[in-house]
Amino acid sequence: MTGSSPPLRVAMVGNGFMGAAHSQAWRVAPRFFDLPLEPRMSVLVGRDAGRAAGAAARWGWAESSDDWRSVLDRDDVDLVDIVTPGWSHAEIAIAALEAGKHVLCEKPLANSVEEARAMADAAARAASRGVFAMVGFTYRRVPAATLARDLIAAGRIGTVRQLSVSYLQDWLVDPLAPFTWRLDKEQAGSGALGDIGAHAIDLAQYVTGRQLVSVSGTLETLVTERPVLAESHGLSGTAGVGTATVTVDDRALFTGRFDDGVLGGFEASRFSTGRKNALRFEVSGSLGALSFDLENLNALQFYDGTADPATRGFSTILVTEPEHPYMEAWWPSGHLIGYEHGFSHQVRDLVDAIARGEQPRPSFDDGLQVQRALEAVELSSQNGSAWTALAETEEYA
Amino acid sequence: MTGSSPPLRVAMVGNGFMGAAHSQAWRVAPRFFDLPLEPRMSVLVGRDAGRAAGAAARWGWAESSDDWRSVLDRDDVDLVDIVTPGWSHAEIAIAALEAGKHVLCEKPLANSVEEARAMADAAARAASRGVFAMVGFTYRRVPAATLARDLIAAGRIGTVRQLSVSYLQDWLVDPLAPFTWRLDKEQAGSGALGDIGAHAIDLAQYVTGRQLVSVSGTLETLVTERPVLAESHGLSGTAGVGTATVTVDDRALFTGRFDDGVLGGFEASRFSTGRKNALRFEVSGSLGALSFDLENLNALQFYDGTADPATRGFSTILVTEPEHPYMEAWWPSGHLIGYEHGFSHQVRDLVDAIARGEQPRPSFDDGLQVQRALEAVELSSQNGSAWTALAETEEYA
Amino acid sequence: MTGSSPPLRVAMVGNGFMGAAHSQAWRVAPRFFDLPLEPRMSVLVGRDAGRAAGAAARWGWAESSDDWRSVLDRDDVDLVDIVTPGWSHAEIAIAALEAGKHVLCEKPLANSVEEARAMADAAARAASRGVFAMVGFTYRRVPAATLARDLIAAGRIGTVRQLSVSYLQDWLVDPLAPFTWRLDKEQAGSGALGDIGAHAIDLAQYVTGRQLVSVSGTLETLVTERPVLAESHGLSGTAGVGTATVTVDDRALFTGRFDDGVLGGFEASRFSTGRKNALRFEVSGSLGALSFDLENLNALQFYDGTADPATRGFSTILVTEPEHPYMEAWWPSGHLIGYEHGFSHQVRDLVDAIARGEQPRPSFDDGLQVQRALEAVELSSQNGSAWTALAETEEYA
Amino acid sequence: MTGSSPPLRVAMVGNGFMGAAHSQAWRVAPRFFDLPLEPRMSVLVGRDAGRAAGAAARWGWAESSDDWRSVLDRDDVDLVDIVTPGWSHAEIAIAALEAGKHVLCEKPLANSVEEARAMADAAARAASRGVFAMVGFTYRRVPAATLARDLIAAGRIGTVRQLSVSYLQDWLVDPLAPFTWRLDKEQAGSGALGDIGAHAIDLAQYVTGRQLVSVSGTLETLVTERPVLAESHGLSGTAGVGTATVTVDDRALFTGRFDDGVLGGFEASRFSTGRKNALRFEVSGSLGALSFDLENLNALQFYDGTADPATRGFSTILVTEPEHPYMEAWWPSGHLIGYEHGFSHQVRDLVDAIARGEQPRPSFDDGLQVQRALEAVELSSQNGSAWTALAETEEYA
């Protein structure tokens, strides 16, 4: 950060918890990675001017605004970082890309395949002009997950035979946990499926290098009415009532077939009592296996089936060494990183790709693929768990 | 074992690995538990007279025979213990019950619902005469599993909300692993589904106290041709050829709905590289959760959601204390038991039930219920994972 | 066990918990291992004739007696298995050896170096006549521990650099836990040090193939008075009083230097709240490391420092495969064994050695070496933790 | 961070790895915590002007300097943050305190008790003028460690009975690992003892709320000569030679007695093959126990001995909830933090204390206490592990 790199002026739209995570990444990444462009935290946009100003001050953005459209008109903004709820992604992202701004958009890409397709189309048009879009599946950039991908790509577990992926949380176990926008289909698109199942799908596809082609699944809502807190008034359909109806799933169970025929078992739940943020995968191959749990994110379990039969077993790799993805930039051997570091890695990779004029990944096409998988699961669930091709989501959309 | 208890004279049919496990249980249980009847290892039956004699000598049976029918005619046999492959269970068990012998039959109960129903009918008739039948789902009697059942029954995790159950092994990962009778549908009934999935189903039903009513699932065979070893000749359809076709599943993935509406995710696989005998369950309730893995069978994970929020977490209960099921009979605090102890617990419970004139559990009805679940999964898999009621297996059978 | 092997007629002296474990081993070992001599459970000896008869019936001994000396006169006894408290070991073992009986003696060998030396001398004289003595450090024969020894001997962790060993229990944490003979120096010799620290020392020496030459340590007694239960009356010095004075250590902390200069840290405690039977070691070498915990006795942790830096980590070896020591005799891959199996392994190795006319290990010399280490720790503790050579225990004795 | 808080202008002396960690803390803490003073990263001081300027640019310091003394003369510096090697701490810290600057000094406080006492005296004089000094034992501020302290202070494990503490790394296992200043007694004071053993001592004292009064220990150096890399030339006594002599310990084993009589076992090693940064403690009390490992820093193990005997066991508390120390400021439930977050917590607590005019902890007196313990261990090791009171270090100094 000697000031010799050209600047990359960022506007962030949204000021919820994800805004804090993204701000931390824009702030921290340049201090640990040599970036070809120097990110500048130029402007934070929020719907409420006062709250936006407060968040900008707290998080270190130079300015704030309550009008995202006006920000798109500014010449001194190069990239728009979208951390709003899913229903607003399409409109903002497409407008930003058309205005010539690079876009980083939180996951899931949209609330429907239709929106996601429009976004992917806009991204394709923009890319032809050297303007790029990326969707924020940051768990790809947890070093242990990246290492898993690298090991599979290098053939270290042989041919992938099967996988199991789950994302387990428990914040809805209490039936008195209050209603939020995340439980409203209009705003959130879906429930556990889209919120955390989307991560499970993206991670499974990323780590294995394969794509889902069809699914069979079941969604369920375990608590259908929840109390509305006074501060929640204004949510669609909840004004003035004591409870609101949960219109999204609490849990999704599905089986997915990948393009090479491999089957994966998937689960996403907000009712996994005692599990706080357990994104897990296990990939079994002809020569080995890999297992991961985000609740212990610095570790990767690796079974090398080619090792001496008397000593083989799952090894706990502490993914904190300079040999590991992204880790040379951080602390000495054995020093752990946390949740937020994936966002710094995302900034690094995004900035690198933009500077090189290359498409950053995961692209909006990648996001669209996940959206198709989400909707195929919903379709399947509505049709008695019938196997549903992701292609069928087009007509559904 | 002062000799004051009346004898229970046992004939065991079968001399494979399961015979060793059952023999150990008949030998050991009376040394650690006060049994109301004194088991006597009277006669071991095997198809090959020489091998039966050898096994009898090694395992400590007083006599051997190569004719199970003749054993049923003997007055000095009270109980027949069936440890043969599944295709032979129905014939032997029904004949034994009709001959007035109590029966312990290995799982799965049979190779089809039709057979299982006939067995359950025979067991019902026998029970009316004070002659009892039991099916050998011994994992119910791993103390950690029994404790899980007890804790759920006592309301310690509140209302059961969801569960996940899997049974993972890896002995077929190598495509050159040879063909065996377990890969032949005629003899084995099904593959991973019936062999280990049956355990997963029984354990899920036992631990939760609920029954599956319908399923949606997918079976797959990952390696369809396997080499035939010389010693395997004589297997159906394999004589004189270099390979044989695998006619059973290698992996089963299914979702089951229980009678109270709860959904469970299930997986049974022989391709889970690095997992040797990982029968696992996690049951999530409104107040807590329980988690278990047979590869660490002396431990049970318990999450008490009613505990202090600052200190709650999954507790590793070392299930080796006198407060724990079956454990007072064994060693001092902290001393582990192994796989085989479940068989001794099975002997204790079976002998106790017979002496009291009560139906031992799991009964043949319980075994039939599992058989229905297995066939419903097969039916569902054949019908594009359509939800299939266990009742539908009747017409299928 | 076809009866073709010559018999090995066993008399067991003692009928406490260890008697149950040894009985199980004599009963079970011949059923799983091909033994060159066929053990016969001939006679059980206890001080109280009635209790001895009851234990003999329960555990399956042909006869019982209340006079161990008379048993030594019998021609139909080949081996004496001593499972009494430590204070009685020397007298019985020496008499048995002089009577021409093989001896298996529980650990620790004796309550003093003086006694242990006399026993070792008697064993040396007997060995010259083909009569052998062994001391029962069975944890050497937990397959994971044996595997650790094998891996170190094969150079798989390179040169041993350091080790840490501990044996942690918690049965004395409650200050109201009653007084027992184990807390009386006269009867028990020492406390945590001799009871469980002895195992830690033997295992450390066995696994590394090295011997302790000097120690520096500290003993402490955390609760010095304990209530006497009515049934405990008769213990030395406790008759008629409400409490008794604990005259042994509750915890021992010491550092030991091995013959090749390596330092080991040791801890033995009965006050490790929550730890039930945690015998642990970690051995670090120039090329790798090994780690073990008896509370998960089927697992061994192995770090292979020569592996790829990106994937190395501690592997959890599930020591249940045919490649592992003793395991081929038991169950299929992935099936766990328990505490008692080490005793069956001990029987196998003892019977094999006797049949071959070779000295079984651990010998009484090995037991003497451990006894010297125990007393050196006591000496050091009395002398302000001054480094104390094991050789100095001779004059102390 | 609205700019309404008064500034706290910081100068940091040192630009090694610790400088990166401290810079991150000064940068990040104000974004997550409401601080009563607003830290400003004013000036970074390094011996080499060019390197200092580069580090300042990378880490975000406004200015750089190669003269720490000149910085002390500046009115626009309120606090001096010392992250240099231990030999230089005393001079800089005392001068800074005398110049009226608050001081944050990395651990260990100094290379000798003599220096540490001078520093503590300077701190006492400064405190009387409202100028405060703190030593950087940041592991106190890993939330799991802070929670352990809180639980012990609240009596949740009853009376502390014993503890074991170790800090294990493996970066010196390779005998060809090059010589560095950390292996030179002149510069580093001691080896594993002072570098990581100091953390073990401070954490043990902090968590238990007790102080060490005497120790018995042994130091050893396992590799005494190491190669000198070209870039290391200039190290004392190494110029022009191929190897240098290691003059510090590689491993320290000691027992410490706390002021209430409790004994703790301690180990610090750089030869624990496969352990990268394993700072561990286990504290056993009359009612429970706590166990921690920095390699899984978001977890704390808690055994509640007062819980139901059938379900008690060590609970894995995922210390990521709003109920946990420091965690409300960070991410939602279940989201992990890393190594560096302890430094942000340190900044928060330091700034809070300064603003309130209270002594921040750990104070220089706390640092002096640790220094005394370190030197008592060295003294004991030189005297055959004789028990050595910390008070005796005065005359040694």
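Letters are used for the chains, namely A, B, C and D, taken in the order the chains are written, and counting of residues starts over at 1 for each.
Convention: contacts are C-beta pairs under 8 Å (C-beta built on N, C-alpha and C of every residue); 3 or more make two chains touch, one makes a residue touch a chain.
The chain lineup, named per UniProt: A, B, C, D = Putative dehydrogenase.
This structure is a prediction, so every number in the text was calculated from the model and none was measured.
Ranking A-D and B-D by contacting C-beta pairs places A-D first. With chains reduced to the mean position of their C-alpha atoms, the one farthest from subunit A (Putative dehydrogenase) is C. A separation of 36 Å divides the Cα centre of subunit A (Putative dehydrogenase) from that of subunit D (Putative dehydrogenase).
One simple way to say how far apart two chains are is to compare their mean CA positions; for subunit A (Putative dehydrogenase) and subunit B (Putative dehydrogenase) this gives 42 Å.
Averaged Cα coordinates give subunit B (Putative dehydrogenase) a centre that lies 55 Å from the centre of subunit D (Putative dehydrogenase). Each of residues 275, 299, 312-314, 318, 321 in subunit C (Putative dehydrogenase) touches at least two other chains. Here subunit D (Putative dehydrogenase) touches subunit C (Putative dehydrogenase) in the complex through residues 157, 161-162, 164, 166, 170, 173-175, 216, 218, 220, 222, 251, 253, 255, 263, 265, 267, 269, 271-275, 282, 284-289, 303, 305, 312-314, 384-387, going by the rule given at the top.
Only residues 1-3, 17, 20-21, 23-24, 27-28, 31-32, 54, 57-60, 169, 171, 275-278, 294-299, 318, 320-321, 331-341 of subunit C (Putative dehydrogenase) touch subunit B (Putative dehydrogenase) when the two sit together in their complex. Subunit A (Putative dehydrogenase) makes touch with subunit C (Putative dehydrogenase) in their complex at residues 147, 151, 156, 299, 302, 304, 309-318, 321, 323-324.
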